[in-house]
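Report on one structure; see the data block that follows.
By written order: A, B, C, D and E. Residues from 1 in each chain.
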Amino acid sequence: MMRFFRKRAKKPGLPPGTMVHTGEATTQAVSVSCIHYNDKEMETVSGKAVTEEIRVRHPDKIAWINVDGIHRVEIIERIGEVLDIHPLTLEDVVNIGQNPKLENYDAYLFIVLKMLYLDEAHDEVRAEQVSLVLGEGFLLSFQETPTDVFDAVRERLRKGTGRIRKSGADYLAYALMDAMVDHYFLILEIFAERMESLEDELLDRPGPDAMARIHEMKREMIFLRRQIWPLKEILGQMKKTGPPLVKKTTHVYLSDVLDHTAQVVDAIASFRDILTGMLDLYLSTVSNRMNEVMKVLTIISTLFIPLTFLAGVYGMNFKYMPELEWRWGYFGLLGVMAVVALLMLLFFKRKKWL
Amino acid sequence: MMRFFRKRAKKPGLPPGTMVHTGEATTQAVSVSCIHYNDKEMETVSGKAVTEEIRVRHPDKIAWINVDGIHRVEIIERIGEVLDIHPLTLEDVVNIGQNPKLENYDAYLFIVLKMLYLDEAHDEVRAEQVSLVLGEGFLLSFQETPTDVFDAVRERLRKGTGRIRKSGADYLAYALMDAMVDHYFLILEIFAERMESLEDELLDRPGPDAMARIHEMKREMIFLRRQIWPLKEILGQMKKTGPPLVKKTTHVYLSDVLDHTAQVVDAIASFRDILTGMLDLYLSTVSNRMNEVMKVLTIISTLFIPLTFLAGVYGMNFKYMPELEWRWGYFGLLGVMAVVALLMLLFFKRKKWL
Amino acid sequence: MMRFFRKRAKKPGLPPGTMVHTGEATTQAVSVSCIHYNDKEMETVSGKAVTEEIRVRHPDKIAWINVDGIHRVEIIERIGEVLDIHPLTLEDVVNIGQNPKLENYDAYLFIVLKMLYLDEAHDEVRAEQVSLVLGEGFLLSFQETPTDVFDAVRERLRKGTGRIRKSGADYLAYALMDAMVDHYFLILEIFAERMESLEDELLDRPGPDAMARIHEMKREMIFLRRQIWPLKEILGQMKKTGPPLVKKTTHVYLSDVLDHTAQVVDAIASFRDILTGMLDLYLSTVSNRMNEVMKVLTIISTLFIPLTFLAGVYGMNFKYMPELEWRWGYFGLLGVMAVVALLMLLFFKRKKWL
Amino acid sequence: MMRFFRKRAKKPGLPPGTMVHTGEATTQAVSVSCIHYNDKEMETVSGKAVTEEIRVRHPDKIAWINVDGIHRVEIIERIGEVLDIHPLTLEDVVNIGQNPKLENYDAYLFIVLKMLYLDEAHDEVRAEQVSLVLGEGFLLSFQETPTDVFDAVRERLRKGTGRIRKSGADYLAYALMDAMVDHYFLILEIFAERMESLEDELLDRPGPDAMARIHEMKREMIFLRRQIWPLKEILGQMKKTGPPLVKKTTHVYLSDVLDHTAQVVDAIASFRDILTGMLDLYLSTVSNRMNEVMKVLTIISTLFIPLTFLAGVYGMNFKYMPELEWRWGYFGLLGVMAVVALLMLLFFKRKKWL
Amino acid sequence: MMRFFRKRAKKPGLPPGTMVHTGEATTQAVSVSCIHYNDKEMETVSGKAVTEEIRVRHPDKIAWINVDGIHRVEIIERIGEVLDIHPLTLEDVVNIGQNPKLENYDAYLFIVLKMLYLDEAHDEVRAEQVSLVLGEGFLLSFQETPTDVFDAVRERLRKGTGRIRKSGADYLAYALMDAMVDHYFLILEIFAERMESLEDELLDRPGPDAMARIHEMKREMIFLRRQIWPLKEILGQMKKTGPPLVKKTTHVYLSDVLDHTAQVVDAIASFRDILTGMLDLYLSTVSNRMNEVMKVLTIISTLFIPLTFLAGVYGMNFKYMPELEWRWGYFGLLGVMAVVALLMLLFFKRKKWL
């Protein structure tokens, strides 16, 4: 349940802009790094020196400040101070219960996204909040924990492949979002495989836990959709944002990642449809099997009950029962029983109950 | 039912603008208080003197008039007279069957909201109507009964923390609405906890009352959604209202509370989905268990019916039944019975009915 | 069925504007009355003189012509002639199969509404068509049968309370529509009470007719919604109509009645949701009870069948059955039977089938 | 199935504008007629002379060319040539798999409609395609087979009643569409009657074929809706088309027929809702009855099984069974049996199973 | 599952514009051909010479470059280079997991479509990606494998029938899309036939695999709809694209194919509705039959159980059982049994259980 609704640590009534970290308490160190780059050179600073570095901005360079870990509120506050970030923005950065969204603060765009990964231990998808602050000439990125999703972008920056070193902070923001959406595909691939094996299992040996698993996967789909769906609107809004924050040349790239997001959302919808179909199929298969069992069992009972009655009749102790004295009475009755049983079987057969 | 539809005390046909209090009759005293404040000073008046106070307006100060209790129609009428409020507005203030809404009367905005709290006694969410009248330089707030939701805002006003003393009546209105939305989160937290314990119970020992509880919670969700959903539109309309009623600097705060409202609405939708899933799971679990029981019982019957038939045959009193004379007839038949029972068990086993 | 779809008495192919009364034939007299009023005086004319009266219009007064009974086509035709009403309008006035709608004929607004009342005899809601023609300085209203819904408005006109005598024909139209919407609330109240008593009954003693009643009420909701829903759009269109037909000062009143209509529509939607929930609850309660019964009955059978088998065995007539000769054979077997029964009961208990 | 999807006779890959008749092959003669009329005079030409007639257009008259039968492609081609109709239009005229639609070719409007009639033999609604080409001063109408739906319009033209002779080709097009929509009402009336008798039957004696009939009627509703729904958009587009094709004076008539169409669509939606309700009611009635039957039967079995066991016990052949020797043993046991049966009946009664 | 979601071969994090072929690896040769044509002449080049040919563009001719097979990335790259195609376009051409879409790159339109064919072996619809690049004076088309769908267009080009040789590249693009949509109709025809035979089978002998087949067909419909639905939007966007890429004279043809697409989408929706109806019908038929079977069987049991009890009573060995001594006791009991059986049958009959 808690994945769908995040308790607010902040006490109701606190003034807006109060920063309260709402994630799980952790003692992990917070790592801050800053990469300055332009077409020709690139420089990386990390640790405490970062804030000093930001203070002396390089007007001809793009600055990417990445913060891994958001539980040390005072670090984020200092960065916000130096770069002139609105307190409401900082409040949302540390409050991990946000839905994905884009807010235009004129001086910068504030984007909240969800990084998804599969928690193998609990076998469910978990979401970590990634916040981006895209200003003129700088990009701030905040992650709850260090992940390797942005490593490929860092690598491209170092090598200078592609357009990344030649473009602005908006292209960098695009590159990060693209990396995250590519990551969504990995999650979907795992689900596609699971669904396929689940379907095989359903056809082979439908058990009661299969249904629980289908329900679980449907719930995962609700969760995934809720995390990814808003991204479409965010990208649409980004494209509408004019320069200087988002340049026209970046639009085609935003369209591209929007297109991929639409594919993901589409696939989730299809998965839900298929899971619903599987559930229906499972339920009617189970009920069919059950019905078959009951039918066969009831037929067996029905077959023997009249025969037992006949046996009961000739088990009676009346003094005058002429049949009992007949020489072939016993074998005759056995014959009658066989005939009755046969007739009933024929009747069932003709009615197609067997 | 009555939570979903409020009887109208007003007799059909009364002229519009007739004030009729529609809540439960109460003899509680009505408390009226007025806070005048600006950046430098703050003053509180309460009781009967308030209306006099309003008459002499302080043009350099913001006035917040709060009325706890709306059953004394004449008090509200007098305030409305002094501040030049439209009769239709006053009619809606005392008629607690309103849906949340915003009405722009040019001279002021009239906002109807719902304060939600959990009625522990009846174990259901109850809504109290809170009406705000946001004019130039003043804010009127009406509550059905005194609550402590606005206390934090009062506290902030007294201490002068944050922007509240430096901003206008629109910021004050925002602060009250923010406090109410923060309160909604508390309700949701309680529901999230209940759903989690209900889910555990369903897995442990599914009973018929679990289903009733799920249905009840679904109904609560319908109720919650209906109370909270219109708030999104209200906030959107407020942002569209230009100065002097709503200043541009307040927009970012309204966006923030709009964002929180969206989170609440979203969580309610997820809760409904999850409850529907739980219901489906419960129903099929129950039907599965039932089917299992019936199957086992039917198998037992089916096993014994042919054996009983055999016993019946040799219980017959025919004179010429050669088997009855056989030395080992009895034990032979017991053996045959054991073989028949075994064969049937094997058949059931192979069919996977056991 | 006929409430949902009204046969068209008009033969297909008749030229448009042909007036054909489609209600049930009636011999009731048609009553026509005309009220002329302004701020200072008020005058009522009725009967045949009305048409003469209309001919000599009082330019400084508002004229409200009310027609109770629409089966006398020629009367309506004459009024239409005098006031220059389009033939298509008149055709719709007498054809009671109209959906609620507003049509702007430039010279006047034509509004079709539905007056709802509860037909106690058939226990269903019935709709009567009320048509309004709002022109400059006059209002025409047509009802199928005389009702007392407009009496309160007439009373207010006579007494001159409120704004009604000081306002134009558009305010009068508003007053009539407000009276009708207030009347809708009465219908809803009756339904709210019925649903509550139905719910109590469902919990107490769920019977098969309860379900039929729920279905019936759902159908009533479909019917109600269809009659009331279009009113929202009608009122929206009226607000968009500029002067001289609808003055700006009337807008706030139209918003008010629009708001009430939205409350009604909302309540209907909630009622449908609740009824659906009640149906689900009923169905699963019934199926639960049924399952319980079947389980207990089957357990009883299952308990006795093995015992009957044992009795059958010792009822056999084999010559050599050593147990039969044993001194304590009979009592021993009774003991064995008791033990078997106990073991089975224990097994059922442990499986939680009892 | 074939009503929902029409095979395309045209081989894929043929160039657009290739006319291929897709209806059933027929040898029926094609009848072509042309009516020239204005306020003062009216003239009818038919047969082969029509094309010659069209060539010499009467600029002061309206021409209505009606073609009954569209399987003779060359006739339609010649008319198209003379009146300068686009090949794509002619392709759609003879391809009866079109959905209702309006296409604006600037020089004329091309309208495809569906004439509905009840095929008594197969007991299902069938649709015939009617195409209208509304140009300046002329109207072309194409029907698959001759019907009498347009006769009333022809009659009005001849008699000169109403506005028809005084108005343009757009009014004529309206008159034809109005006649068709009036015809839709006839279909709905038949369905309303059938639903009513079906409902009576369901209450009286619910049989398995009732459900098949409900399903069939639901399918008919899907079919009807699909044929009629697009007409609303067509009429809306027609109103947006400016002069000279559609004059302003015709708008009020188009609104009128639009209104009737909305009534039809609305009624279809209601019918579907009601049919769904009937289906639910039927299913639960059947399942209720079934449950009752099973319950009674199971109770009978349950009543006799313990008694049979008792009889079985005293049918055993143990040597030492003291009860067998008792003087009143037999009658005592009969008494015990009666008491057991009574107790069980009481138990069932108290549990409300009887 | 894999039809609904295509694994992305591209490793997350690769720079955008990296071309990675995502289809199944194949060793089939890639065939490239180029047709230059105008009103007067037409010339075909194929193989490696194509790229040279493109380099020397014929400004007075339209060039159609068709590539069958997209697994040789370097070929597509070279063509892209020569014609100045954006790397993101080329990436999408070789990545077959695209949804149908249109992207406007100003210099050209990039259109992704799906060619559908029925895979007889797996009995499911498969989609192949067809990409079109529509520039000024040229059209690029890419197919995964060579198909014969475009042959008819090629034939028309060669023969010069219709408008095709006289029109621009936009008309050629239209012709290809029209051929594809015509192909969709073939698929639908096959499904319409299958549904009809499935329905017949359901009425004749409903078996458990029928339901699996219905489910399968519903899934096919989901798949089809997802592939075809976006085409409507694509065609709408194409119509909005101004010259020089799409000329005004082409609009009427685009409307025509849009209309056909709407027919296809519509038919798919109808098919889904019908399949849902068939499923409902099937399920209730099966459950009805099952209920009938159980009822008859239970009635047989119920009939014999009391009779068996009676036989059991007179099988008891009490010493004093006067009936046993009666002369006609045995035959009397047989009579009583017959009467009991008859009464029960009558009771069942009157209750309409038989």
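Here is the rule we use: a contact is a pair of C-beta atoms (placed from the backbone, for glycine too) under 8 Å apart; a residue touches a chain by one contact, two chains touch by 3 or more.
Predicted, not measured: the structure shown is a model, and the values here were computed from it.
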{"item": "Joint neighbours of subunit D and subunit C, given as chain labels", "value": "none"}
{"item": "Same vs different contact residues, subunit A with subunit B, by half of numbers used", "value": "different"}
{"item": "Fitted rotation between subunit B and its twin subunit E in degrees, CA, nearest 5", "value": "145"}
{"item": "Centroid distance [mean C-alpha coordinates] between subunit D and subunit B, Å", "value": "43"}
{"item": "Chain centre separation in whole Å, for subunit C relative to subunit B (CA means)", "value": "26"}
{"item": "Where subunit A touches two or more other chains at once, by residue number", "value": "294, 298, 301, 305, 308, 312, 315-317, 321"}
{"item": "Ring of chains, enumerated from subunit A in the sense that reaches subunit E first", "value": "A, E, D, C, B"}
{"item": "List of subunit C residues in touch with subunit D within their complex", "value": "1-2, 4-5, 7-8, 10, 12-17, 86, 88, 97-99, 101, 103, 105, 208, 211-212, 215, 218-219, 222, 226, 283, 286, 290, 293-294, 297-298, 300-301, 304-305, 307-308, 311-312, 314-317, 321, 323-330, 333-334"}
{"item": "Complex contact set, residues of subunit D against subunit C", "value": "149, 151-153, 155-156, 161-164, 175, 178-179, 182-183, 185-186, 188-189, 192, 195-196, 199, 252-253, 255-256, 259, 262-263, 266-267, 270-271, 273-274, 277, 280-281, 284-285, 288, 291, 294-295, 298-299, 301-302, 305-306, 308-309, 312-313, 315-321, 351, 353"}
